[in-house]
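Listed after this line are the structures, all set down as structure tokens.
Next come two complexes, and both contain chain A; in the first it sits with chain B, in the second with chain C.
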Partner chain A sequence: MAAEDLRRRILFILTRPPYGSSLASEALDAALVAGVFDQDVSLLYMGEGLFQLLDQQHPELLQTRNHAKASRVLPEYDINQVYVHDLSMNSRGLSPADFVLPVEVLTQQDIKNLVAQQNAVLNF
Partner chain B sequence: MSSLHLVNKGNQSSDALNLCRTALALNDSVLFIQDGCYNVLPGELEVLIEAFPEVTFHVLEPDLRARGLLNRRHPSVIMVDYNGFVELTEQHNPVLSWY
Partner chain C sequence: MKYALAVYGAPYASESSQTALHFAMALLEKGHQITRVFFYHEGVYTANVLGVSPQDELDPLRPWHTFAEAQGIELVVCVAAALKRGLLNDVEAERYGKSGSNLDDKFEIAGLGQFIDAVISSDKVITFGC
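Entry: the complex of A and B
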């Protein structure tokens, strides 16, 4: 079977902050694995999930791994489609300059279109 | 094919429904399960129906019945059993879980 036949569009939706549960970390691991297997991976950060991308995190104070630093490797796995929800960002007083990765800001309508194009959507 | 959105929390205890609304598109379907059943009380569901008149809203009957909500549901919500749940997943793609 040709490699193209196995390629799926997979969207990961990340809605949780980085350290209160393992969901943020699990999502990142799953997305990186999908990237390794050459899938068409995109990530969408919504709600409190945006806090995963904040710079100047100091998780060593919690004896846990640095989620922002881990997120920064996404482009090395050919994952370059990183999106944030505009209202989630604006309502928290954040801007793309606060994030450790280049992101594309999506409106509600953009998000509906993005979801409709996927073979699978995984919410974390 | 349109999407199916599974919501398993009430809107007081979680951001799940709020985030679901952001991604909810015309002709999508929503299935409320577990504590998501609290979203089909008349006042709660009416707000959703007004905002999304083209979306069909379903609820998993065993979960609704277990919570004593069978006769307190909005009349427009469609009740499904476990087989109906499976059928919905067959008729939609992708399936999104909001929790």
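Entry: the complex of A and C
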């Protein structure tokens, strides 16, 4: 949709848990639209945001949409740069095997570099 | 520089919308441009004309309305976020058979594409969270 010279590097930083607020869900919607616009989209999960990626979510108990299932479509939108913050992951006793998507684990220094490469950073 | 702003916080519950407005005013004072202000998540409530503020409290909508009118700034609420929360203009109220509309006339309803378009066509994006 966008011309090549309008292709931007856009990083979504996701820090909220998948339920309890609709922000995680609405952030994912925005990321998918950025994918539709053929932008160079990356997602970075930090803090409670890591729970968005957990497999075995059972939101049917809350009668709400399954965030894990919604997240699984990201590769179909050409969004394959999915990062998690190492300290957030370790402190929650999680590992990449717990997640519904392949992720790259980043240190704080890596994150600093990632952010520096972006045209825009959208915090959710 | 060209800036896009995104507002996620609801008025009263959050200072996000008010801070975004002050930032927007400062941008223009410093000679910058604003491509679009996109209201998303709880931020869409900013555009509700049915709010009645106590006399000693700031009205969250009126300053945005005046600002948009005076400066020609584009204010957009996300259609999906707005409809879910009961923020409707006349067109949407008619479409969904609702008895009334409540969206301020300085705000347009549009899709998330308008958010991403603003991000793409601006030098900087500032998000005002919740």
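The criterion applied here is as follows: the second predicted complex is superposed on the first by the 122 of 124 C-alpha atoms of A that agree within 3 Å, B and C clash if a C-alpha of one lies under 4 Å from a C-alpha of the other, contacts with A are read in each partner's own complex, and residues count from 1 in each chain.
Note that in this section contacts are C-beta pairs under 8 Å (C-beta built on N, C-alpha and C of every residue); 3 or more make two chains touch, one makes a residue touch a chain.
Since we're looking at a predicted model, the values are computed, not measured.
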item: Partner chain(s) touched by A:108 [first = chain B, second = chain C, both, neither]; value: first
item: Partner chain(s) touched by A:8 [first = chain B, second = chain C, both, neither]; value: second
item: Touched partner set for A:72, first chain B, second chain C, both or neither; value: neither
item: Which superposed partner A:116 touches (first chain B, second chain C, both, neither); value: first
item: Chain B versus chain C as contact partner of A:92, first or second or both or neither; value: neither
item: Partner chain(s) touched by A:30 [first = chain B, second = chain C, both, neither]; value: second
item: Chain B and chain C footprints on chain A, overlapping residues; value: 120-121, 123
item: Complex contacts: residues of chain B adjacent to chain A; value: 2-3, 15, 18-19, 22-25, 93-99
item: Footprint of chain B on chain A - complex, ascending; value: 11, 13, 15, 46-48, 85, 87, 108, 111-112, 115-116, 118-121, 123
item: For the chain A and chain C complex, residues of the former touching the latter; value: 2, 6, 8, 10, 22-23, 26, 29-30, 33-34, 36-37, 39, 120-124
item: Footprint of chain A on chain C - complex, ascending; value: 6, 8, 40-41, 80-81, 111-113, 115-117, 119-122, 124-125, 127, 129-130
